[in-house]
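Chains here go by letter, A, B, C and D, matching the order in which they are written, and residues are numbered from 1 within each.
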Amino acid sequence: MSIDLEALYIDLHRHPELSFQETRTAGVITRALTALGLEYVEGLGTTGVATSITGTATDDGPVVWLRADMDGLPVAEQTGLAYASTARGIDPAGTDVPVMHACGHDMHVTALLGALERLAATRDEWSGTVVAVFQPAEEYGAGAQAMIADGVLDRFPKPDIVLGQHLTPLPAGTIGVRPGTQMAASDGLTVRLLGRGGHGSRPHATIDPVVMAAATVMRLQTVVSREIDPREMAVVTVGSIHAGLKNNIIPAEAKLELSLRYPDDEARADVLARVERIVRAEAAASGAEEEPVITTDHSLPPTINDHEATARLSAAWERAFGEGTVVDPGMFTGSEDVSWFAREAGVPLVYWFWGGLDPQQFADAVARGTVNEDIPTNHSPFFAPILHPTIERGVDALVVAAREFLG
Amino acid sequence: MSIDLEALYIDLHRHPELSFQETRTAGVITRALTALGLEYVEGLGTTGVATSITGTATDDGPVVWLRADMDGLPVAEQTGLAYASTARGIDPAGTDVPVMHACGHDMHVTALLGALERLAATRDEWSGTVVAVFQPAEEYGAGAQAMIADGVLDRFPKPDIVLGQHLTPLPAGTIGVRPGTQMAASDGLTVRLLGRGGHGSRPHATIDPVVMAAATVMRLQTVVSREIDPREMAVVTVGSIHAGLKNNIIPAEAKLELSLRYPDDEARADVLARVERIVRAEAAASGAEEEPVITTDHSLPPTINDHEATARLSAAWERAFGEGTVVDPGMFTGSEDVSWFAREAGVPLVYWFWGGLDPQQFADAVARGTVNEDIPTNHSPFFAPILHPTIERGVDALVVAAREFLG
Amino acid sequence: MSIDLEALYIDLHRHPELSFQETRTAGVITRALTALGLEYVEGLGTTGVATSITGTATDDGPVVWLRADMDGLPVAEQTGLAYASTARGIDPAGTDVPVMHACGHDMHVTALLGALERLAATRDEWSGTVVAVFQPAEEYGAGAQAMIADGVLDRFPKPDIVLGQHLTPLPAGTIGVRPGTQMAASDGLTVRLLGRGGHGSRPHATIDPVVMAAATVMRLQTVVSREIDPREMAVVTVGSIHAGLKNNIIPAEAKLELSLRYPDDEARADVLARVERIVRAEAAASGAEEEPVITTDHSLPPTINDHEATARLSAAWERAFGEGTVVDPGMFTGSEDVSWFAREAGVPLVYWFWGGLDPQQFADAVARGTVNEDIPTNHSPFFAPILHPTIERGVDALVVAAREFLG
Amino acid sequence: MSIDLEALYIDLHRHPELSFQETRTAGVITRALTALGLEYVEGLGTTGVATSITGTATDDGPVVWLRADMDGLPVAEQTGLAYASTARGIDPAGTDVPVMHACGHDMHVTALLGALERLAATRDEWSGTVVAVFQPAEEYGAGAQAMIADGVLDRFPKPDIVLGQHLTPLPAGTIGVRPGTQMAASDGLTVRLLGRGGHGSRPHATIDPVVMAAATVMRLQTVVSREIDPREMAVVTVGSIHAGLKNNIIPAEAKLELSLRYPDDEARADVLARVERIVRAEAAASGAEEEPVITTDHSLPPTINDHEATARLSAAWERAFGEGTVVDPGMFTGSEDVSWFAREAGVPLVYWFWGGLDPQQFADAVARGTVNEDIPTNHSPFFAPILHPTIERGVDALVVAAREFLG
């Protein structure tokens, strides 16, 4: 019996779930594993699933971990696809929000299940052990650590290498990978700015947190524009700002949520210190009577690809898929928590991108010079990979990569 | 039978309701009117109630309207009073919020019911008609117009004068009133700033509405600081700012809610034009592809006290309460919709303030020079009038005022 | 022999001098005094001149001081008048600048000389002593104190009252005066913001004082927009900002010059504290390694008119010039150092405005609703009083006022 | 006879001249060329000098241009060196400013003269022609074009390759060079923001250009922080801001000088459009009645090193100076006008850096992690190269490079 990967993908796409709530997704995965005759552990780090397959070609061999993440995003899908999501969920603040697989994790799960089917079917051809990890809550940067806290590294053979892949708007068929820093380190901060509320007509009796927040947002721009070497990558995004219930009541506080990005741990410490300096000084400029409260919601390490392993895989893929199929996509400013598995185990990591974009659409946008405007990126409500050959290339990329390291 | 006004006040205070949702409050009022043997019309402008009493001293006399507003505010009470509110409500955005009588409308209702009892008991002493109007949704600036749209001016005798009063942190016992502009005109605006969303790590592929909003808030400060004659009153408050769900998703839009204040209709047109100019220019500075959407949520006229009627009332109160009890509180920057009744009918208005503050607390704060810091104002979560003589003075002020004009 | 006041005015207008450099102006004054047969002291507070006339009607009488200021401004005249200034001067920074009598001090001197001629000619009609003070450097807020430091109060009879007047764009013929605060208190501050310079292409190696200055200016707007009661007057103007020599060198510091205005001494202390708080916090937000340096360049008291004396003068002028010629011009946000003479002597002050605007021009602007746009105010390069009846009314206003108090 | 290069350098360092005023410097150069027996053309592009030497080994050979720039900067030297500059000059605005060789052009001239002496002395060993170009006004980005406009490319043999070098705070002895973009493209803009002036106490009658400028500076930060791919280099520096003469006069306009940097011509067009969009929108936000005036003061192309020629030179230097002496310094965000010579002639360019920093000082700063803080960079008032082996290595680098291409 063979998994219908297209149907599986469409089902997952129609039913995205928010981070740490991927119960239906986990059910889809465990049913597929059962159909493949594989045992698994579920409920790892809330909703994570892991399984393993041992090759029988020889008695012994390396352990290769393959990881896919499972969660969707609070985005209202606007792709117009027949199988577009209309799902909703309750976010951590208790708000009812739309949910969409706007980052392609549905494709990640699909490809890993396809690869497991292939590897299981060919286990007499290879040696060693493949461990497949279906991880929750990558979008919160918290799922990998939750699975580790739940003992995934103890309950399965320790990896010799960790592999993972991410769907991206490269032309379908293309693999993008680079040695060294592949994705940025990232922190998610919440900043509570504490003022003093009052009536909207009597600002002088208040300490206005809306103005405090606005001044802080404007000043935070100067970290990147003035304080970081223009040749280095840093991002300071204020992704959300919330204060007040009504136009004529000045609220007592404002909340900012920040997403910070940097290439390495040194830059991380540097930018964090600058952000904190500005937040505190802007509160002082407002005459705030209480210090702002800064909390770290998540902290993601940089995703650094092992040089030697990356070179081996690049060569293997070029052999398998043809010359020119592997490109250097540059460093990505996005972040990942896949590194925690490799960091914790002290082993190398290779994390790559594979394309899901209609090559013709890409060529047209390049010709028009409108790639930034016309190609929906990850997290866009218009993010819509083509199904083929995206599914097949995702499966093959995992199988080729795993087999490169397995005996 | 006599109404227990203290108990009535405490009951209302414990059960505040949001604007246009004052159903329980209306029930309390109609039960009291029934107990007084008065007929009434309910459901006016959603939850408003009105009644009338005709004096029997002579066959004929003027019509005096007395108005009290009924609604609470989305504020979490922090007074620590035994009868503090723990109520919650659903605001127009569907959010569950705390509710508190932070503006004293519970005292307004209490005093008007007490005045009606007194006027009813003495109706053989006076001539003419008193119309009592219990109005919803003053906080939205919408209740007076809703009652007028529902025909309150047709279903009751037209006023010769409209009277109203507001609780305020003057020392209890004091009446504050001034001829001419007593309260500011006000508009409530909602501004939607339209950007383009995307991943928090790829700001260059977005048009960041959080930065657009922050720059707009900072620039709006210059209306008051640079563009209005320093000797004139104007307020531009951004009472709420909301954008985004998550630190690492740049949202597609931001919403600001503004409260604007001015002394007259000319200043209103002037400030509105300046605010619109800045909002549009800041969107342009961000490279927004869509114009901001500016909507007016409410628009309140200035509250202008008739000169002659105000002089008559001031004299009447001084006679009744003693010399020095009537003070000029200056113009208030807050706003009211009571004027619509008088504007629509084309008759004079007198609107005054009466004190609910413990006189000792006031004296102490004056001595320390900390009136702004220590005296909770209307809309503060700490707003807590003393019960006596506040209730009695509120009743008396209405009765004295009504009798001054009645035959 | 009679002074040709029109010719004198035109001569002064053609030859304006910067503050503390009014040597030619002092020469014109002393020549006129000599022609009038009056003795004088010159060089008071650098370039000031004072003289006195004693009435002979009786042996004794009060001492009335009349004060006129003498200095021009660094403004390039654009009136297009035949007698427009083309003068230049060297400002305290050593820069060569255009100079113009853009504040009407040429008219002040002219009127005072005209009044002296009249009073001298009629000295047998009155008793007491008139002291005329021609003061330098009013625009620096420093001339009155300089003359006091030079002993003017000791070298002339002490005043019983101090009188002064200022030309303003009221319609010619009109006197504007109010009891109480007539002009604001004011401070002039210089703020040096200390950063770290470097090459324009390497902002991360610098602490950019231009951004520090810009953020400070934006934040200073919030003092007036959020922190001062909207019904009270306050002004925070950054009148000059200077940093840098070249586009590609980030300078080491920026300099701001602030002009602050308030109605009284309490507001002064309050606003100064708020400004300092913001300046220091914005330097901290920039990560400045040195504290900003804030210096006070001048500090002017509020100009407060004595209630009783103002009422006497208003009545005297209405008698002399006709009903309706004296108006309440409201409080002016500008400031004056004339108060120092009265404060130091502990005597009352009356300081008034007289109009120099073509009444037709004023009527037209009122009709168009473009008074703010079309009427050049003091300090404008287009400030151009009409000569008649401005000169005559200025002379008469002084003579009537002096005679009201003299025996 | 041999040039004393150390004495020559110290003399030049003591007598820096502003751009297009390098008359004394040109005199030093022409005296040295005369001493070497070389003919020259002077006055090229105002103060430029050029000369040529033809090798005699064979009859024919390539033409190699060597270029050194000559001008100093308006910086007040603070090195404390015995030979520190105390020179002053008059800048284009007519202001008297300090002048310093803060960018090392004195060393450039010294090294090129030393190289010419060596090449002249050995002309029988090589073939072809060396053209040496001493260029004025590199700091204005205008000198190369001025020399070209004056015909330098017609009056000397056309280059087959253009070579140039720049002193930098790499450790002395080190050469830094990279193929491809070595230095950024750059534009210098002047922005005049037009408001309406008036008295500092009457902001409502003005359009405040100081606030307009501050808001513009703050908004310009968002170009780099939000609108450019975080992985790409862009700089938007406001190097100078000037408005106003006095604290209590609101000026009529403000002037900003911007330095912009980008890696290529596409980014240039993109950033320029964004800057213009913001400048215009911020003027609109202020209600400016006149459009801002944006002028381009200079425009420098990217400095792009020919790949093949750079590889040849790197190999030649490593052979000459030892392995490890040639490093990739990364792209510099600074800009140069040397490219115009190669662009105009349509030939390759190699432009490299050579170190002038005390290696021990560098090692110490690296150990402390304070390179950014402790190492004075070009344009710093503390920029102070050590004399040896800086001079020798600068001479050798030119000679080795020229000989590599000469026959």
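Everything that follows uses one rule, which is that a contact is a pair of C-beta atoms (placed from the backbone, for glycine too) under 8 Å apart; a residue touches a chain by one contact, two chains touch by 3 or more.
In UniProt terms the chains read A, B, C, D = Putative hydrolase YxeP.
Quantities reported herein were computed from a predicted structural model and do not represent experimental measurements.
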item	value
Graph separation of subunit B and subunit D (steps between touching chains)	1
Remotest chain, subunit B as reference, centres from CA atoms	D
Inter-chain centre distance, subunit A versus subunit C - centres from mean C-alpha coordinates, in Å	65
Centre distance in Å when subunit A and subunit B are each reduced to the mean of their C-alpha atoms	49
Distance from the mean Cα position of subunit D to that of subunit A, given in whole angstrom	44
Residue list for subunit A, restricted to those that touch at least two other chains	201-204, 208, 211, 215, 218, 221-222, 225-226, 230, 235, 261, 333
Subunit B-facing residues of subunit A, complex	73-75, 91, 95, 97, 139, 184, 186, 188-190, 197-205, 208, 210-211, 213-218, 221, 235, 237-251, 254, 257-259, 261, 297, 332-335, 372, 377-381
Subunit A residues within the subunit D interface of the complex	218, 221-226, 230-231, 233-236, 261, 330-331, 333
Interface residues, subunit B side, partner subunit D - complex	201-204, 206, 208, 211, 215, 218-219, 222, 225-230, 274, 277-278, 280-282, 284-287
